[in-house]
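Listed after this line are the structures, all set down as structure tokens.
Here come two complexes built around chain A, the first alongside chain B, the second alongside chain C.
Now for the complex of A and B:
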């Protein structure tokens, strides 16, 4: 009896710190934000109950949809940028020679940099007056190509995708290298005898054999696109004129710049719903194929 | 590019005609050189923004504008001193160190304890607790910013170290628990039994046996958690307002408008923020690569 109660108290006391922290700071906020979404609150004074007004306002706001579209642009840039580049690199960079290890390390390196640093660095690279992109274009005589990369609403959403792709190729490359190493050598040998080499090998052997891994990578691109907040915040702040607004920056700007905590909570809840349904939806879609 | 793979090399053997052998060999070598040159160029291009950052951090503002690709005409080490003092990077570094290491300690202690209980002991509701921790890995962090802000405002811990340490730890716990728990399954049950025969209670087993045994798994957790805590921006941005408490990424963000600032000073300040992570990366590359990929796939 004494042993059983000692075990029980150990389990209880031992789990308590982790469970408490986790419940208070991860799970409870999710529930609260759904709840706060029904209220209007300016940060001081009493909250006013609004019903669904915050939610319908967000869904009627064209900027909200613009932000969602920008999020999807980042998803598309990740899927069609990171995955093909990572796949090609993984086909070429599988050796454990020092040279291949060095190139792999270089490709992975941006993953350890603070996103703020990446954002400021690329902000300078794209800078209309002092940026090295325009400097190179100027020296190369391509004057008509020179532009305000982050200021021009027609192209700035694509411009911010470049650092996102640059920073995130590494993990996909490592993922693909591991998957390619798992293709059995018999399959490879048979394919070789049948003449599947080079590009043929890529399309006929590698891609079908690691298709499951590619699906995982696509799902990762979708969930990863929601993490672009830091970079966009630092590079453009969602502007100019909200042209690079993401769901997360939209939420941030509406909450902390104009102090609409209820509205921000409603948008937070919508972000959770959207991201969960995007990730689950993509997983279901992938399974069916 | 696929020329550097051995498939091309081995298929050469199928070509008939011995006279062509040397020619093919030569061709292959040229192609493999071209492939390697391309790869080297790619690696340098990838690293270039970082190299540019370090080089620019020693330049004068004139050099920074006028000769973006050249080495500094005079190496201005005083940029670093200026960043440290004028831009408050010294204070920010101190804050980052405090917040990162306290969060690490809390994550490792609470995480390993929970991992031990969840992996080695059985009790009712265990399944539920595990499911809760899995759920947390699916939640997009940014969607918790507003509710966490409101909650911390109400309990009055905004603008304190705790406003960062507690949520950092909470969000890192699922990963920490699963990594350590997976590692502990490889520890034989006899180890615990022996410790129990030696007269240890559960706490004794945990602190004298399990905790020291978990060090390799904790190292993996710690490296990845370090990078995440050190680099975090979103939480710091929303929960910290006081200049004296700002962490490195938050202090750097001041420079982000890019107009009318001292560029070489900014570059020096960013270098100070980046150097610790680059050093950690150089030392623990393999672990970081594997850990980040595993974490991403599970999450």
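Now for the complex of A and C:
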């Protein structure tokens, strides 16, 4: 009894620093920023209390909704792009042979590159004059397919999804490989005897056995996609004409280019609310399954 | 016993990391605050200066050399000079301004930028310095202090002149296709057509960062149509609106360039350096760009390429209200003085400003291939030929306001985004309305 309570107090003491840091640097700023959202402040001079005006303005601004739509495109691209590709790759590459390890590192490599590097690199890949995409299309005789990939508002949102998917497959693949390696060999053997091979093995054994990991991956996808900022900021800056604006770039531009700190705070509070409800909603959906 | 010790030790460790994290932050704040406050008491005067001449270009080096000169000449003054990269400079200044920890002397852009510090009550005028050196004061061009003055008091002198809409053209391409250098809008459109027909990009544009079309093309083009008076009124929302027909007409002119296919493919995803390279390599016949292009092109082009480049003003618009012999631009930013500086420190700060922006400084900056609003004799051998052409041109034209130096930050952002939209098919009326709404709202009208 005494030992148990001592253990518990040790756990508490051990958690305390992390908890304190989390409180001070995460929760308190969130509350503060929600509070600053009630004010108008240019960074210099006195702040003016506005009530809910910043929040209603954001909700009425069509660009805010466009940004949300763009974020949802990225959420969809991540869930339906990253997770299936990562799953397939993990099924193919789960062994530890030299070749598998090499391909695995190659897939994981974008994760260790700075996102500014990735952004600039893909900026050149999509470059309207010297970009390799247009060059290949040109050489393949597909002239009508040549586009200004990042400048044409009809397609640029989809064009920027490609590097986002490419750069983020790595960690999901690692997660899935770890989960697959954890499936006990008894289950695998039993399944084999019962004739579950190939696709059947995937649907009936692998996916159900690693379902919890997939759920975690989906939640990570959603929250990561709503935070998306760096790649888009480098590649398009949210432009042209705000066609690739995301919630985060919208917030950044309002806060640090127009210097509307209050409005930016209000937008970031809204981002938190939206992310929370999306993550909670997805969890509820998956629980029912 | 052992366990208790571990608990105590680990909590001490955790707390100390926490404290260290906090302590470091405070330490950082203290040094900058200390530099600002402690000057008066100690025998050695402590002075701080912030500027954004951090780069490797000639002008940045010239400015830093002047600051270094001041350091050498005044060993009794402890000078803390911070060169902060231009991207994010304004954000950093704003952050310390919010905490009331402004450096004693700092570089700020003219127009909207310095106005914010003035309105925040953070500046004091540099009148004593101008009174002390009247020759220096009188050598500045007429109107050079305008975007840096409030209430008839000068708060900074321009370190360099901005000229945002120089009309560059490639002489050999014009000769080759026998095209006349356009003096009117119709001639420009005819030139666009000829080059287009010969598979040469008529005008190089790179508007990814969105300010370029506004700062370089619209500022001059719209001025040709509306005149300066209308624009200043519209910016103040005092008797003119951006939805007025003359501004919509200016946007329509701009749009007609895009509709005629004057710009290269993908101009919305190229930045200004890429556009300058494209032009200097002879792939485009014309380019409308600011004085910064002079140094950028000199850095990337060969001598033969640069020799083909000529520079003039944007063509006139038929029936326009503005003077066609103008370039948008005027006084650039300068060194401003914090309100908190007093006594001996004030004298030192003024002397520092004079060392950097005085006659010697102006000469050095002009010879680093930068335009200035100050009467200097430039030795053509010391600057690049292209700069000398631009310099001679700017001596003979008048300057008109640049849009984003006069509009509020929100208004400038609205027109920047609006022009991107205009060039990919937006309607002039809609864009005019967006600018009108943003400007009216941000200045509270």
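Simple rule for what comes next: the second predicted complex is superposed on the first by the 261 of 289 C-alpha atoms of A that agree within 3 Å, B and C clash if a C-alpha of one lies under 4 Å from a C-alpha of the other, contacts with A are read in each partner's own complex, and residues count from 1 in each chain.
Criterion: contacts are C-beta pairs under 8 Å (C-beta built on N, C-alpha and C of every residue); 3 or more make two chains touch, one makes a residue touch a chain.
It should be emphasised that the depicted structure is a prediction, and the values quoted were computed from it without experimental measurement.
In the superposition on chain A, the chain among chain B and chain C reaching more residues of chain A is B. Of the two partner chains placed by superposition, chain B and chain C are both touched by A:14. By the touch criterion stated above, A:216 is placed in contact with chain B alone, chain C being left untouched. Applying the stated contact rule after C-alpha superposition, one finds that A:276 touches chain B and leaves chain C untouched. Contacts of A:241 after superposition: chain C is touched, whereas chain B is not reached.
Applying the stated contact rule after C-alpha superposition, one finds that A:256 touches each of chain B and chain C. In the superposition on chain A, A:98 contacts neither chain B nor chain C.
Across the superposed pair, chain B and chain C both touch chain A at residues 6, 10, 14, 17, 21, 43, 123, 127, 256. In the complex of the two chains, the chain C residues touching chain A come out as 3, 6-7, 10-11, 14-15, 17-18, 91, 94-95, 97-98, 116-117, 119-122, 207-210, 264-270, 278, 409-410, 413, 417-418, 420-421, 423-424, 426, 442.
The residues of chain A lying in touch with chain C in their complex are 6, 9-10, 13-14, 16-17, 20-21, 42-45, 123, 126-129, 148-153, 236-237, 239-242, 253, 256-260.
Chain contact summary for the complex, chain A toward chain B: residues 6-8, 10-11, 14-15, 17-19, 21-30, 32-33, 36, 41, 43, 88-89, 91-94, 99-100, 102-125, 127, 130, 132, 135, 166, 170-171, 174-175, 178, 188, 192, 197-199, 201-202, 216, 220, 223-224, 226-227, 229-230, 233-235, 248, 251-252, 255-256, 261, 264-265, 267-269, 271-272, 275-276, 279.
Of all the residues in chain B, the ones that touch chain A in their complex are 1-5, 7-8, 10-11, 35-36, 39-40, 42-44, 46-47, 49-50, 52-53, 64-65, 68-69, 106, 109-111, 113-114, 116-118, 121, 123, 129, 132-133, 135-136, 138-151, 153, 166-167, 169-171, 173-174, 177, 201-203, 206, 227, 230-231, 233-234, 237-238, 248-250, 252-253, 255-256, 258, 263, 266, 270, 273-274, 277-278, 280-281, 285, 288-290, 292-293, 296-297, 299.
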